[in-house]
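Just below sit the structures, each encoded as structure tokens.
What follows is chain A paired twice: with chain B in the first complex and chain C in the second.
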Partner chain A sequence: MATVRLEHIYKKFGDVIAVNDLSLEIRDEEFLVLVGPSGCGKTTALRMVAGLEEQTSGDIFIGDRLVNDVPPKDRDIAMVFQNYALYPHMDVTDNLSFGLKLWHVVRDEIKRRIEDAARMLGIDRLLQRKPRELSGGQRQRVALGRAIVREPKVFLMDEPLSNLDAKLRVQTRADLLKLHQRVKTTTIYVTHDQVEAMTMGDRIAVMRDGLLQQLDTPEGLYASPANLFVAGFIGSPPMNFFRGTVRQVDGQTMVDTGSVRVPLPPRVAGGAARAALGREVVYGIRPEDIEAQNGTGGWPVRANIEVVEYLGNEVQVHANVQGVTFVARLSPRAGARVGEDLPLSLHTERAHVFDAKTEDAISG
Partner chain B sequence: MSRDRRANTPAVARPGATGVVVRRAVRREPTIANRIVSVIDRSAIHFVLALVALIWLVPTVGLLITSFRPRSDIQATGWWDIAQLHLTSENYQQVLQAQGMFEAFLNTVFIAVPSTLLPLAICSLAAYAFSWMNFPFRDTIFLIIVGLLMVPVQVAFIPVLTLFRELVPQLELTRGYVAIWLAHTAFALPFGIFLLRNFFITLPGEMIEASRIDGASDVQIFRSVILPVTVPAIAAYGIFQFLWVWNDLLMALVFVQDSSKYPMTRAVLNLLSQYGTEWHLLAAGAFLVMVVPVIVFFSLQRYFVQGLLAGSIK
Partner chain C sequence: MAEKTKWGTVLLFLLPAILLLLFFLVYPALYTVLLSFDRGRNGVLGEFVGLDNYVRVFSDQDFINLSTFPPSGALWNNVVWIIFYTSFVIFLGLIIAVIASRVRYESVIKAVVFLPMAISATALAVIWKFVYAPDANIGLLNAILANFGVSPISWLGDQGIVNFALIAVGIWASVGFATVILSAALKSIPAEITEAARVEGANELQVFFRITIPMVSLPMSVLAVTLIVNVIKLFDLIYVMTGGGPGTSSRVIAFTMYQQAFSAGQYGFGSAVAVVMLVLLLPIMIFNVRRFRTQAVR
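What follows is the complex of A and B.
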């Protein structure tokens, strides 16, 4: 069990800055997810923690030990790779015990750890098989098992679920969480999938172009994204954005898109609202914060329905309000029909406002 | 008419045909013309292959028959004169006993085995370093080695021989096998390193990284992870090198200077110069040289084909 601390980590590949001044502290027993689009530096960051890549500058601590010059094998970590990276010529037992044998762990102990891990992962009947005789899900479990038997201080996982099919991925996601609750090993988990990040992470670090955008709990990221990128990245379908200018209308501070006016949310009040006056902003509202009008409040608009996507438990409608289009998640009983007008209410109290230039969230 | 043909089709297609053909016949009912064309298509390929094989085999078969014919027959008629065929193993006995071919066979083994194992060991280690270790100028050095592929061996004979004889004369390298071992090894390195490195580099990097995290040193990674999964490529290269050394005459002429250590190729050459027209001995000697490569190839051809393919396109 250990904390992992990254201090001002830079990684340059030639002229490209893959990781730009990354400082991050992963708490003991925490499950931290590094998430971002491909090429954002998340995998590079993970590989630097593993010691497979050397940072250009900055310090990495595992526990209280500075590990900058410590080779991967002495960092007391275990890594699960995207393509599993099993040893194809060894059976499952040998795959699991390879590392332990190199560390001269006594045979009874190796046997105990393999049996424990195999039972935990449900692979105890596959121990004599070679990797090529296993399904993708089974291989993935063996790769996890290889990490578990090492009993390391830190697990590093590089998109371990991305090679599984959708159904298996959901199940393995839950299994991984259960596993973490059991072994409580500090984990850094890299993914590009925001759903994976939201469901698994104790905290989530969102990265983009090598820069850390925001580090927060899933609830925190969802409720108060720090900037436009995080707001658009977290949540599915993504937040609706439209550009407008902040104006004073009839004594109320509104965002005016030219055709539609919506009030500023309460989080942008007082000084922040006054400072924003006249500035160009991006107004963001999540699809789930738009409802069919039912008299319970919200900001009323009349929308023309352009597309209706029926999903069973909900419909996602693409609505148009005087040239401004957005997606709303409605109840199937809301009566949305293509081509017809529908009165909607926007829960503007949960909306977000971002500076159009800096893209940072504006709040008071 | 058409009904007749339809009724005939399955019956024609069934005997001796493969499952594929039967299914195609049932599904599409090819006309007789179709079938004739497809047979001709395939037989054209078979015909060409057979022709190539025949052209390739004729001299070898001729040599084999000649090697079993008595001297008088050889001088009277050609080997294709089956009517006059008397077979004898006397040529082989004579070559093996009187002409020292058996000693030469042992010499060839003594030359070929180390000259295969040494390059194998060095090339696979070097290929590992060039593909999975980081050191300064790695790719530059590799490029230089690939560049050495272009240097014809003949160019280097005189300098290397001078080196052996004059720089370290007290070792008397050319009196024993050491000179030819070293020479064969050295000249084999560029190609071996090139071939094996290009195979090793196709291994998944994560597998090597995983073993590194598991705590394996470079030596352990090489022995426990790389070697077991690259056996086909290494075996293919080993066979290749072995055959090359076994059949080599030129290097043996230059680097083996003790006549008691001459390999078979050189011994056959001696037969030729001693008895310019003694075809019966020459044929038997030449065939003895060929036997081992043929055995090696047929017993290991699976590795040979697989490994060469694996190295190039995997």
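What follows is the complex of A and C.
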């Protein structure tokens, strides 16, 4: 068990800066997710922790040990790769024991660990098989098993679920969490999928263009995104954005898009709002913070329904209010019909406001 | 819905290949087998002699002589070729492929090493005859030795050296082929697999012997079979460089076959040698066909 600390890590490939001044501390027993769109530097960051890539500058600590010049084999880490990277010429037992044999672990101990891991992962009947005789999900389990038997200080996982089909992915996600609750090994998990990040991470580090955007718990990221990118990245369907100017209207601070006016959320409406007066901002509201009007408050608007997507438990409607379009998640009983007008209420107290230039969140 | 096989059409498409094979492969092969049981005067059948030719072949000291140590004769020379040529070509090819894959100018290295493949065996035999020339004013190798004060060595004139000198040329000519094949095989190993091994605690040598080599074992065995077949059929290099000499010390099976049948006019004897060659090649061919079949199943 160990902490992992990255201090001012830079990685340059030629002129491209893949990782830009990344500082992170992963706590002992923590499950930290690195998430971001492809090319954001998350995998590069993970590979630097593994020692498969050398940082251009900065320090990496595993536990209290500076590992900048330590080769991967001596870092006491285990890595799970996206395509599993099982050794095709070895059966499952040999795949699991390969690393242990290299470290001259005694035979009885190897046997015990393999049996434990195989039982935990439900692969105990596959031990004699070669990787090509396994399904994708089984291979994935073997790859996990290979990491577990080593009992390393840190697990590094590079999109381990992305080669599984959607159903298996959801199931394996839960299995991985259960596994982590049992072995409690510090884990760094890389994914591009924000749903995976939200459901699995104790904390989530959102990256973009090599820069760390925000490091927070799933709840924190959702409730108070630090900037426009995080706000748009976390949540599905994504947050609705519209541009407007902050104005004082009838004694209330509002965002004016030109055709629509909405009030600022109360936590912004104080000093920050006064400072933002006259400035161009981006107003964000999540689809789930828009409801069909039922008299429970919220900011009323009259929307024209353009598209209705029926999902069974909810409908996602694309609504238009005087030229401003947004998506709302409504109850199927809300009676949304294409082409018709529907009164909606926006829960503006949960809205977000961002500076249009810096894209940073404005808060009170 | 399976259509009824139109055997007429099938036969029509197969006919050209079948005819060519019958005339140029099956017929000559059968004729050679028949000749090997015949005196074969002037290359035509006429006087059946039973196993006489085979007895003569295996009692010919120039073909195989097991009474000395090391053994000698054309068949033994082929064995020496197979052992040294095949293993060195694969070993050097693998080393060059691995090293080349780690540098930026990989394609240049591969092109240079592959270049001898583009030269005809006859031409490279002539080139190497010059390299091996005993006169230090002509022979590159002896000129280099002369710089170190070593007196000239008769590379192709010494019975103890000649085979190894020839094998070295063979290796030089084939390493490029092996490099290209093995380099492609190495490239097909996903980087993640070697990375996984490294993370698990393997050093470079362990990765090489426990991951890389097993994962290229199939292309390596294909390569070995190809090289062995080439060696058993080897002729041109020896014909041009030494003519089987000095004496008969650098003869190989194919050379003996040619020499006996076409120079000495001993068609029966030559045919028997050819049949021996065919028998030596058969197990390799069967091995190859089998392996392709098991691969097709996978």
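Just so it is clear, the second predicted complex is superposed on the first by the 364 of 364 C-alpha atoms of A that agree within 3 Å, B and C clash if a C-alpha of one lies under 4 Å from a C-alpha of the other, contacts with A are read in each partner's own complex, and residues count from 1 in each chain.
The rule is short, and it goes like this: contacts are C-beta pairs under 8 Å (C-beta built on N, C-alpha and C of every residue); 3 or more make two chains touch, one makes a residue touch a chain.
Quick caveat, the model's predicted, so the values are computed rather than measured.
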Clash or fit: what happens to chain B and chain C when chain A is overlaid?
clash
Partner chain in contact with A:118 - chain B first, chain C second, else both or neither
neither
Report for A:315: first if it touches chain B alone, second if chain C alone, otherwise both or neither.
neither
Does chain B (first) or chain C (second) touch A:24, or do both, or does neither?
neither
By the touch definition at the top of the document, which applies to A:81: first (chain B), second (chain C), both, or neither?
both
Touch check for A:92: first (chain B), second (chain C), both, or neither?
neither
Interface residues of chain A shared by chain B and chain C, listed 50-52, 71-73, 77-79, 81-83, 85-89, 98-99, 102-103, 146, 150
Under the stated contact criterion, what part of chain B meets chain A in this complex?
204, 206-207, 209-216, 220, 224-225, 228-229
Which part of chain A faces chain C closely enough to touch in the complex?
50-52, 71-75, 77-79, 81-83, 85-89, 98-99, 102-103, 132, 146, 150
Show which residues of chain C lie in contact with chain A when the two form their complex.
190, 192-193, 195-203, 206, 210-211, 214-215, 217, 298
Looking at the complex, which residues from chain A come into contact with chain B?
50-52, 71-73, 77-79, 81-89, 98-99, 102-103, 146, 150
